[in-house]
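First chain written, first letter: the chains are A, B, C and D, and each begins at residue 1.
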Amino acid sequence: MKKLNVGMIGYGFMGRTHSNAFRKVTNFFDVPLQPVLKTICARNEDRAKAFAAKWGYEGIETDWRKVVESPDIDVIDIASPNDTHREIAIAAAKAGKMVMCEKPLGRNAAESEEMVDAVEKAGVANTVWYNYRRVPAVTLAKQLIDEGRLGRIFHYRAKFLQDWTISTELPQGGEGLWRLDVNVAGSGVTGDLLAHCIDTAMWLNGGIEEVSAVTETFIKERKHNLSGKVEPVGIDDASLFLARFNNGSLATFEATRYARGHKALYTLEINGEHASIFWDLHDLHRLQYFDHKDEGKLRGWRSLHITDGDHPYMKNWWVPGLQIGYEHTFIHQVADFLQAAAGGKGVAPTFRDGLATDHVTDAVLESARTRAWTKVK
Amino acid sequence: MKKLNVGMIGYGFMGRTHSNAFRKVTNFFDVPLQPVLKTICARNEDRAKAFAAKWGYEGIETDWRKVVESPDIDVIDIASPNDTHREIAIAAAKAGKMVMCEKPLGRNAAESEEMVDAVEKAGVANTVWYNYRRVPAVTLAKQLIDEGRLGRIFHYRAKFLQDWTISTELPQGGEGLWRLDVNVAGSGVTGDLLAHCIDTAMWLNGGIEEVSAVTETFIKERKHNLSGKVEPVGIDDASLFLARFNNGSLATFEATRYARGHKALYTLEINGEHASIFWDLHDLHRLQYFDHKDEGKLRGWRSLHITDGDHPYMKNWWVPGLQIGYEHTFIHQVADFLQAAAGGKGVAPTFRDGLATDHVTDAVLESARTRAWTKVK
Amino acid sequence: MKKLNVGMIGYGFMGRTHSNAFRKVTNFFDVPLQPVLKTICARNEDRAKAFAAKWGYEGIETDWRKVVESPDIDVIDIASPNDTHREIAIAAAKAGKMVMCEKPLGRNAAESEEMVDAVEKAGVANTVWYNYRRVPAVTLAKQLIDEGRLGRIFHYRAKFLQDWTISTELPQGGEGLWRLDVNVAGSGVTGDLLAHCIDTAMWLNGGIEEVSAVTETFIKERKHNLSGKVEPVGIDDASLFLARFNNGSLATFEATRYARGHKALYTLEINGEHASIFWDLHDLHRLQYFDHKDEGKLRGWRSLHITDGDHPYMKNWWVPGLQIGYEHTFIHQVADFLQAAAGGKGVAPTFRDGLATDHVTDAVLESARTRAWTKVK
Amino acid sequence: MKKLNVGMIGYGFMGRTHSNAFRKVTNFFDVPLQPVLKTICARNEDRAKAFAAKWGYEGIETDWRKVVESPDIDVIDIASPNDTHREIAIAAAKAGKMVMCEKPLGRNAAESEEMVDAVEKAGVANTVWYNYRRVPAVTLAKQLIDEGRLGRIFHYRAKFLQDWTISTELPQGGEGLWRLDVNVAGSGVTGDLLAHCIDTAMWLNGGIEEVSAVTETFIKERKHNLSGKVEPVGIDDASLFLARFNNGSLATFEATRYARGHKALYTLEINGEHASIFWDLHDLHRLQYFDHKDEGKLRGWRSLHITDGDHPYMKNWWVPGLQIGYEHTFIHQVADFLQAAAGGKGVAPTFRDGLATDHVTDAVLESARTRAWTKVK
C-alpha cells in the first residue's frame, strides 16, 4: 500500500489522540494510504524522544520548520497550542504539504483567513480536527436530517459543560494549562468548547445569521505559571449566546468550565416539525430520537444504541451491543482523510469550514463586548 | 345518580388508598354509581372516629359483623390484615353484599378457595385489589400484547425489591408491622410482593405451569410487638423462583425486603419474537417499548411517557406531559368496578383470579420447602 | 373545624386542579381550616351546573361580581383566563375577600401592579398559583440551597418545552384555545411557560438584573375561533433569553410550543461551587443532585427518588417508593395557604412575588422588541 | 525493553480484540515487556496472510503445532473455537510457553481440569480472557466490596441478554456460527454468556454453593452449515438459574439469545447491608452506586461516570468525561499480564479460576437435566 508520512507537531493530549488514530486506522478500515509515523516534533528533545518511543515515531525534531521542509513528510499534523497554528499551517502549505490542524483553526478569524488562503492557494488537502462530527451517533443525526426526516427546523440547543477550573488555586499558562492563557489560546471556552458546538451545529443546521452573547470571567486573577506572578485572567470562563440560523430556527448555546458535576457534557438537541434528535457526549454511543410519525400511543424518545452494523462506521468495529469511545472519532476522521487524500483532497471540516466557525466565535466575543446583536460574517 | 354505599373494614394504609379512590372517582370518571362512604369499621373506636372525620365517613362501627349485616351497605371493602379476609368475605357474600378484597385474597389457596366458593355461590360482584394492572403503562402493555405486537413470547422477568426490614432492630407484629408476623400475613414477601408480580404476569402472559423456588429468612429472630418477647421470624424475607409458563416462555421472579437502595422497585419485562416491553414502578408513568419492526438503524427502546389522551385512563386526568402517581391505580379500579357493578358484575382480577395467584404462591413456598420443581394447581 | 368558603371563578383546566386541591387537602393534611366548595362561577349556566355536580359545589353563579360580593364567600379563587384576573382580583380585595389567582398574575406588570396595590391596601391574604414551587423535589432543592450546600452560584438554566401548536390547522382563541389569543393571554409562551421558570428561578436564585431576549411566531396567521376568520397571530410561539442574576450568575431560559417530542418538559439546573441540582417535570418525583464534597472516586449525580418521609410534604402521602404526580402540587399550596390564612396571611408566591415575575416577562418582551439588553424593574 | 513474542491462534472476532490489545498496550501503559506480534496461525493460508497484513504480524502458520513448538514464541494466545482450547493449551504448556486462553477455558470442567494440570505442572504463566473484570467500572465495584463498603451481602443478580438467534433462518455451525454447534462450543449461552456472569460474580461475591437451573432450546432444528442438512440443535438457547453463594446470599442468573431489543446486555447488581452496586455493559463506562450511609434525604443511586483519573485504569487514557469502550478491557488484561509475566506469573482469572467457572456451568447444565438443586464441585 502507498505510504503517507506523517510529521506531527505537538505531543500533548491532542498529539496522543492523533497518533493513536494514525496507528490504528489500518487495523480497522480499508484505506488507500498507509500512514507512517515519521517524525514527532517538540521543543523539548527528551520529551520528543519519550513520545517517539511510546508511539513508534521513526524520528524526532525540535524545530518544526525542519519537519515542514523535510522531503520525507507528506502531511503536517498540527497538535500544538493555538498560537502556533497559523504560522505552521501557512509554512506547511507553502511547502506543498497536506495539513491537518487541531481546532480551533486560528485564535481568531483573521488568523484563520490567512490559513485558508494559504492552503487554497497551495491546493493542498486539509482538514480541521472537529472530531465530534464523526461520533457515529452524530453522523447518524446528520444522515437523518439529510433524509428530510425532521422537516422544518424550529430549535437548536447546545451546551458544553465542564467544571475543572472552579478552584482559585489553579494557575494559568504553561504546560497543560495554556488553555487559561488568553495569549496562547485566543479565548477561553468560546474557542475551546463553543467552537465544537458551533461546528456541529452548522454542519447539521446550516449557517448562523446573528448572535447575542454574554461572557464572564468568574475568577479574575490567577498565578501565571510562566511569570510566577498573579496576573489578570484574560479568557472567558463562560460564554452563552442566543442565535438565529439562516433557516429561521432559534438557538441557545452555552459553554462553561464552572458547571459542577459535568466533565465534558457536550449535548445537542434539534427540534423539527416531524422529529427531534438529542445527543450527549457523556454517553456518546447513544442517540435519542423522537419521530412524530410513529403511531400515536407508541410515540416516545427512542434510545438508539449506536453499535449496529448499519450505523455509521460501526461495521468496522466489534459486534452489536459493544460500544466504542472517544478516541475512535479521530480514527474515523483519519480514515475519511486517507480516502480523500489518495485523490489529493481533504475532508470536511476543511480549513474553510474552520474559518466559518471562527467567524461565529468572533461574533460571539464581539457581541459580548458590545452587548448588541451581532451579524456573523 | 344511584348510590353505592360502602362499608370499609380497616383504616390502615390500604384503608386510605381505597377511601381516596371512592372519594375521587366521580370527579374524574363518568360512572353509573355514586359511591357513598357510609361506614368505617375498626376495632378501636377513637381511631375509627378520627378516620371517619378525615375521610368523611357517615358512621363508624367496631364490629365488622354489624357492617356486613347492615341493610344500608351495598359493598364491603376489606382493607384489614390478611388473617381477617376469609371470614369477612364469606360473611359478606352470605349477606348478599358485593365484596372488594385487598390482596392477597387469603393467606393461602385453601382459604381463598372458600372465599371464591362463597362469592360465586352468592353471585355477588367481587374483585381483588391487585392495583398494578391499572397503572396506565401496564394496561397499555396488556393492549399491545393483545394486539399481537410481541408475537411468540420467550421470556418474562419480574422483581419487587424493597429494603425496609434490613435493620435487626425492627420488631415483628402489631400495628403497622403485621406483615412480619407469619400468622397474620400468611407468608412474607411471597404473598406481599410476589403476589403482585404473579397477578400481573398471568394477566399479561397466561398461566404458570411449574416453579422452582428458594426462600430465605435473613434475620431469624425479632422482638414481637404483641408478646414483647424475641421470637423466631416465620416469614420469608426473600423469595426467588424460576418458572415455565403454559405458553413455553421461561421466567425469573424475585422479591425481597433486603435490596438496599430500592423502596418499591417492582419491574417487569417481557421479550417476544417481535417486540419487548419493560416497566418499573419507580417511574410508573413510563413504559419502555422496543419494536423490531422499526427500521433497522432506528431501532431502539422507546421511553413512552404515558400521559397522552390515547393512553389508557389518561384522557380523564390532566393534559399531556403531566404525570399521575400511585394512588390513581385504585381510582381506576373503582371506576371499572362501578361500571361493572351497575350491571351486577365484578371486575378482574376477581376472587377466582386471586385464587389463581395463590395457587402459584403456594407452589413457590412448597418448592422452596421441598427443593423440587413444583406444578402449579 | 372552622370553614373556609370558596368561590371559584372558572371551570377549565385550572378550575379542575384547584377544585381537586380543595376537596382533597383535609384527607391528607392537618390544617386549621376546612375548605367548603361553596360556589362555582361560569358564564354558561349549564356548564356551571355540570361542574358543580362533578365537584360537589353547593351553588353556581354566572356573574362573578355576585360571588365576590356574597357574604357567604371567604376566598375568591381566580381560575379564569388571564384577561379577567385584574378586574376580579381588585373587586375581591375591595370586598375584603382573600384572593388566590392563577398565574400569570396580570397580562403585564402594569395590571399586576394594580392588583398588588389592591390586595395590600385591603390587607387580604393572597397567593398566586405558581404550583411548581411545591413539587417536593423542587422544595427540596430550595432547602438544599438555603442550607448553603451549593456555595457560590455560577449558572442557572431553565427551559419549558411543548409541541402542541405545531400544526397550522390549530385555530386561535375561544374555548380551550385562548392561550393563542394575545388579547386574552397577554403574551404567548412568555407569560404561560417562562413565567413558571422565572418564578422558580427567582425563588431559588434571587432577583434577575437584566435580560437579552429573542421571540418568534413561527406560524403567522391562524383562523380565530370567535371571528371565524384567519387573523394574524399576536402571541410569541417561542421565547429565549440570556440573564444575569443579582448574585452574578448567568442563565439561559427558553420556552416554546414547537419542540417536537416534549409535552411539558420543564427542566431546571443550577450549578454552584460545591454542588449542582437538576430537575425535570416529566419525572417530577426525582431530583438529580451532585455533591463535589463526596469522596473523589464516588462522585456522581444522585438520582433522588423523592418519596421518603423526610422529603418535603411526603410524609403526608403513601409509603417510600410510591410516587405522587402533578395534581399534588396544588394540594400542597392549598395546605400551606390554609395554615397561613387561619392567621390572616397569604403564602408565597404572593401577588407581590407574581408582580416580580411579570417585571421579568415584561423585560423579556421589551428586549425582544428592542433587540437590546434590558434591565428588569 | 524486553520483548514478548506472541503466537496467536485464531483470527476471528477474538483474534481481533486480542491483537488490538497487544498492539496498543505500550502506547498507554508502562509495562516491562514489549509484545511483538510474531505469528498468526489459521488453517486457511490466505486468511492468515490477510490478517497478518492487517495487524502487522511478522509471519503466518497454518499448523498450530508449529507455533507452539517454535523457539521464537514466548506466549501462545488461544483465540480459536472452544473445541481446540484443550489440545493447544496442553501442548503449549508442555512446550513451556505462557498461555492465554479465550473463555470458556474448556467445553466442560473435565477438559479444563486437564488444562489446569498442564499449566500448573509446567509452571507457566497463564490467564483466561474473562475481560469484563477489567471494565473500569467493574474493577471499581471490586474495590468497593474489598473496602467493606457493602457489608453483609444479601443478593446478587446477573443477566446477559442478546437477540441475534431469534430467526429460524439462521444456520448453525461453520464460519462465525460455531457458537450454535454444540460439538464445537460445548454448550450454548451457558458457556458463552453465563460463564462471563459467573466469573465476575465469584470474583465479586465468592464461591457458589448450589444451583437450580432450567434451560431451553427454542428452535429445535436448524440447517447445519457444514453438512448442509437440517439437524437438531444441541445447544441451550436460554439458561436461567437460582443460586446460593457460600456467603449465604441468594442470586438469579439468566442468559439468552432470545431477548428482543438487547444486543449484549450484561447487567449485574449486588445488594449489601450498607450499599448496593449496579452495572450494565450497554453503558459500560458508568457504575450505579447507592450508599445507605449518605444523609437520609439525599440518599439516591449515584451514576458514576467512570472517566476520572482516580478510577481504575483511567489515568492511562484521556481526560475526565471522555469514555472508553469495549476493546479497552482486553488492553487492561494485557497490561496486567505483562506486568506479572515479567516475573514469570500469570494474572487472574487464571486457568484455575476458569475451571471454577466451568464447575458452575457444569452444575447448571446438570441441574437443568436432572431438574434438581445441584452442588457445585
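Note that in this section contacts are C-beta pairs under 8 Å (C-beta built on N, C-alpha and C of every residue); 3 or more make two chains touch, one makes a residue touch a chain.
These numbers were taken from a predicted model, which means no experiment stands behind them.
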Greatest separation from chain C - chain, by CA centre: D
Chain pair, A-C or C-D, that carries the greater number of C-beta contacts: A-C
Between chain A and chain C, centroid-to-centroid distance (C-alpha), Å: 42
Geometric centre distance via CA averages, chain D-chain A, whole Å: 36
Length of the line joining the C-alpha centres of chain C and chain D, rounded to whole Å: 55
Contacts with two or more other chains, residues of chain D listed in rising order: 262, 299, 301, 305, 308
Touching residues on chain A, where the partner in the complex is chain C: 154-155, 157, 159, 161, 163, 166, 212-214, 216, 218, 238, 240-242, 244, 248, 250, 252, 254, 256, 258-262, 271-276, 290, 292, 299, 301, 371-373
Residues on chain C engaged by chain B in the complex (per definition of touch): 13, 17, 19-20, 23-24, 26-27, 54-55, 162, 164, 262-265, 281-286, 305, 307-308, 317-328
Complex interface listing, chain C residues touching chain D: 140, 289, 291, 294, 296-305, 308, 310-311
